[in-house]
Structure formats: C-alpha cells, structure tokens
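One chain, subunit A, links the two complexes that follow: it is found with subunit B in the first and with subunit C in the second.
Presenting the complex of A and B:
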C-alpha cells in the first residue's frame, strides 16, 4: 500500500455508515533507527466529514494566521478527527473501514485527548 | 563598499528584469487605446508582485524550499497535480511569447524575417541555460534591460500635454469609443502582466539557487521593494509613449515596431538602437527565467534534483524538461503564429492562474513550523488578504470577460 491509496479515500464505520474522507496521514518518528532518523510509523489518519480537499495545515493548533483563512478552513473541515491506525479494520477499493468501537481523537497536534461527541 | 555594490546591483537587476514581452505589449496596447486611464492597475500590480515576491523569497530563504515543493506538500498529489498542469502550461505559453519577442526585436534590428530568428533565439536561450552561471545570467540581462529607461526619457522628449496625461491618470474612466467590458478585460491583462506567476517560481527557486538564508532577507526585500516599483514606472512610461503618439490618432498598437515608434520619433536612430537592445535583453532574460521556471516547477513537483548549481548531468531531467519546452516554443512559433497575440493571451492566463500559487505561499508564510519568527506580520497579512480577494476576483472574471469582449477586440 502507498500513501496515495489512503488519501482522499472514503471512511466508513463497521456498519458501513460514511464518516468522511481521509485528508491526511500522521506519522510518528519512533521506529528503530534507519540511517540517520528513526523509521516513521503510521500513527493515524485525519478524517474530515464533509470534504476531501486539503486542510492546508490548519488542523494544527498553533497555526491561526491569517485569521480569516484559518477560520474558513476550520469551518470547511469542522468535525475532523484523528483515528489511530490500530482502529482501522481494513482498507480496500478506496474505502477505509474502521473497527467497531473506534476512538475519535482531536486533530490538533498538541494534546490528543478524545474528542467530545 | 562591496555590500553597497551588491545592493545596487540587486536593485538595478530587479528594475531591468521587471519588464518582459508581456509588460511591453500590454502597456503599449493599453496606452494606445485607453491612454493612462489604466495606470492605476500597474500600481495595484506592482504592490501585488512586491508582496508576493517578498513572501515567496522569504519562504524560500528561511525554509530552503521553493514554491512547487511546498504546493505539492500542502495540496497533496492530486490538487497539486492540477495546479502544476495549469501553471506549467501557462508558463510554456509565456516562454513561447518571450522567444517570439526576441525574434521580433531582432527582426527590427536586422530586417531579417522572424522565422529565421526563432530557432537562433531558441538555441541561444538553451545555450545560456545550459552553460552560464546563474548570477551572471541574471545580472547581465537585468543590467542591459535597464536601457529600456529610454521609454521614460522619450516621454519627456515628446513634450506631451502633461495635464491631459495627469487627467487620464488621476481621473480614470472608460474612453468614449471603448466598452466597459473591454476596459476591465485590459485591466486584468495589465494586472496579469505585472504579476506573472513565473516571476515567483523563478524568484523563489533563484533564492535556493543562490543559497539565500535568513540573513539575506533584508537585501532581498530591498531589491524587490525598490526595484519592482521602478520597473512599474517604466511600464507606465511605455503606456504613456503609446498614449501620446497613438491615442490622439486613434491607432491601435498591434506590432513591436509600433511599440518602439514613439522612441524613434523622439530620439532618432540612436534611441531606437538602444531600445531594441533593451527589448532583446528584456525578452531574452524573461525567456531564460521562463525556461528555468518550467524545469523548476516540474522537477520540484516530481521530486527530481534541480538547479543550475548542479551540473546538467546531475540534474538531467530538469535540463531535459527545459530543452523540450524550448523546442515546443520554437515549434509553435514556426507555424507563423503572431507572438504579440500569444503575449496578449499569456498575460490574461497568468492572471487566471495566479490564485493557484498565491494561496499556498500565503499559507506557508504564516506557518511557524517552517518560518519560525519570520512568519507574516499583521500588516502583511491584512494586505495579503486584500490581494487574495483581488487575485481571485481577477481570476474568476477573466474568462467571462475574454468571451464577452472577444479577447479585447
């Protein structure tokens, strides 16, 4: 699998209900040392409920300027959440299916407490 | 002393490098039809390009990343691919116009048919791109391009009625014999001529080529903020020359020989020779920049190694892209299509494509992860948002206006 298979893919829960689209993938650099850097590990996927277009980086908490653009992109992507890769049951034909009882995390980069609702 | 010289060189190069075939043709056409009543657009365009170039230069200097690397990363492969296709094709159109401009200028100097000059011009562009050092290439074409100052001198030599020119400039309105649609169509063309996207690809990739770092920011900002406005003054001078000579006679500019006619009338053979040298330098410089931009955009998107600081064998696909683009430009021109017509389309399409590169640069210039303490300030962001609205409005309005006015005819 390559990253291109995941980006823009539809996301459904275990019952087949649509949850949105994969807009980004998040990696953690905590694998074994591979050359100079730690090998990246796929930590989770960012799922946006309404649109498969890019979030342009505004999902991170520290980026708030220019305020009008930040507000617009946050509004377009309202309800975006992070799911851990371990909560993905399978991926096939451009669809990502999550396992039952998956957890929604805040998409912000600092603080990954489970999101309300 | 060395620093002062470097600064002067940078500013002079920015002035000489500002003008290209798009500015020459569009300003002359607009001057002959609307006088100076669209001069305000040049002011809007120059402020815009200063803002855009200084943001993209700052992003490149601080993060070490050029425009299309950033677009690819932020927009993802699909949206960035669509963006690349549009930007690349419009850049190719501009390259074609510039090579045609070289040939037309050489025709003026030699009376030899442009189709004989086109392959020579293409070959010369390729040789320079292949062999010459980046800094030499930039400085020589920029400095020789300064001879276009002769347009500003011509305005004084023609002894115009200054009150008429001032009235056109400060009380702009649609002339009686022109439609409102056509006026706004040319406003967009002029805006696109001042803010061509290739200038930004080139500027940001050039910053990487010349290994700028955060400490070169002050100089690069000064080059842009002083050099481009002077370039803008030359643009207005070209329009003024056409407004003085052609507007009262009701003649519409449609060839390069008409663009230089006011200079020949006022300054004679010597001035004509000087202006032809200037046009060759300006179009040649812009042809180099657009050739390089074609390589930069594609290579940065695909992740190929790029840059003139590498030997061609080390950046083979980058150089191959440029060779193919130059060949396509030469091939298109050899069909006898009018380079002036290509230029008129290329500036409008430049305006259409502008939001594609402007938005990602604006977003990155605000990203503390890339920019650290060099993120946009509040004032810059306020201005940048105003320009985002202008750029998007121009882009959206361009095609309907093009259809409604029959491309300004």
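Presenting the complex of A and C:
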C-alpha cells in the first residue's frame, strides 16, 4: 500500500456515516529494527471533519503565531481527531472504514488536547 | 469538546505530511538525492494491503515524477516509483539522511545517464572544472 492511498481518503464509521477525511498519518519509530532506525509503525490516522488538507500542522501543535492564521487554521480543523490504526476495519477505493466502537483521541503532537477555535 | 490525549508510543513520533513528505533526501556524503514523494507501507506479515488487524510499517521511501499528477490529479503507476529501502535511512530531521551513496540508488539513474551521455561528451565535460 502506498501512503497516498490513505491521505485525503474519506473516512466513515461502521454504519457508513461520513466522519471526514484523512489529513495525515502518524507513525511511531517503534517497529522492528530495520537498519539503523526502527521501522516507522503506522500508529494512527488524523481525521478532519471538514477538509482533506492541513497547513503546517497548526491544529496539532501549540503554535499561536501569527495569531490570525493560527486561529483560522484551528477553527477550520476543529473537530480533528486521531484514530488508531487498530480501529481501521478496512481501506479500499479511497475510503477508510472504522470498526464499531472506535476511539477518538486528541491529534496534538504534544499529548495535550488542542484548544478549539 | 476536548478529546483524551493519546497514549504516547515509546518511539519517536512522525506525522507523514509534517515530517517526511517533500523532505529532501541526502546521501551519506550530504549530496541531495531526491525528495520523499510518498511512502510504501506493508503489513508485518508481508501483506501489501494491510488493515487495522495487522501492524503496518513503512518499508520504503518513494520518489518519482509526481509534478504532473500533483497538477492534474491521480498518481504515477507503481512501476514508475523509485524505492529507497527504509534500511538505508539513518536520520530524519530537516532532511532525511541515508547511509549509502546516491550513485548506488536507482532514483539517480537519470542524472547518471545525462552525465555519461550528454555532459561527458562536451569538451571539458569529463574533468573537474576547478
């Protein structure tokens, strides 16, 4: 699979309800050692309910400047969430289907929930 | 509504679009080799279309002629990608560093071809200008 199969894909829950679009994929360098580094393990997908694009990850970190831009991007990506790869039921034809009972997590890279704009 | 924070995995975290895609790839001598245009992902069991029941890992960085597809849409066919195995990656930062020479990679074949068949045939094209 190529990452491009996942990025921008439509995300639905198990009942087919649209949840948004994959704006990014999160990897953790804790896979099997492959050369000098561990292989990046696909940890989860970042899903935005409104847009398939993301600008510089404003919605994922604590950047607050320039204030107008930061506020705009956080507002545009309000409701963005991280879903673990283990909650993905299948991927096909530009659609990612999550399993029933999937969990939503904060997309923040710092481990704290971003403020909603 | 505030969401619960994710339990941070033990390894370093990389968001593909933020930390990997479009990054310049430098070889072991620091020579620019290509950019990361996409990533190839396989299941640990070797599956090329893993789902959530399988652990999925990046096996290769992909580079290719993506300008046209970025403008017009679509994606290059799988056969047109050049693959750099993750095994060769030594560091991920502002750039992606490799532990091998760029000349050893398929991704630089066009540069080598132009060097050997075009530049090398120009007068003075086969020695250091310095």
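As a working rule, the second predicted complex is superposed on the first by the 110 of 117 C-alpha atoms of A that agree within 3 Å, B and C clash if a C-alpha of one lies under 4 Å from a C-alpha of the other, contacts with A are read in each partner's own complex, and residues count from 1 in each chain.
In the analysis below, a residue touches a chain if its C-beta (ideal position, glycine included) is under 8 Å from a C-beta of that chain, and two chains touch if they have at least 3 such contacts.
Fair warning: this is a prediction, and the values are worked out from it, not measured in the lab.
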- Which partner does A:100 reach: the first (subunit B), the second (subunit C), both, or neither? neither
- Item | Contacts of A:57 with subunit B and subunit C, given as first, second, both or neither | both
- Task: Using the touch definition from the top, say if A:7 reaches subunit B (first), subunit C (second), both or neither.
- Result: both
- In the overlay, answer first, second, both or neither for which of subunit B and subunit C A:87 touches. second
- Message: I want to verify the contact counts: of subunit B and subunit C, which reaches more residues of subunit A?
- Response: C
- Task: Under the contact definition given at the top, report the residues of subunit A touching subunit B in one complex and subunit C in the other.
- Result: 4, 7, 54, 56-57, 60
- Item | subunit A-facing residues of subunit C, complex | 1-6, 8-18, 20-21, 38-42, 44, 48-53, 55-59, 62, 75, 78, 81, 85-92, 99
- Mind listing the subunit A positions that touch subunit C in their complex? 1-4, 7, 23-32, 34-44, 46, 54, 56-57, 60, 81-82, 84-91, 99, 104-109, 111-113, 116
- Item | Residues on subunit A engaged by subunit B in the complex (per definition of touch) | 4, 7-8, 53-54, 56-58, 60, 62-63, 65-69
- Residues of subunit B touching subunit A in their complex? 74-79, 360, 362-364, 366-369, 375-376, 381, 384-385, 388
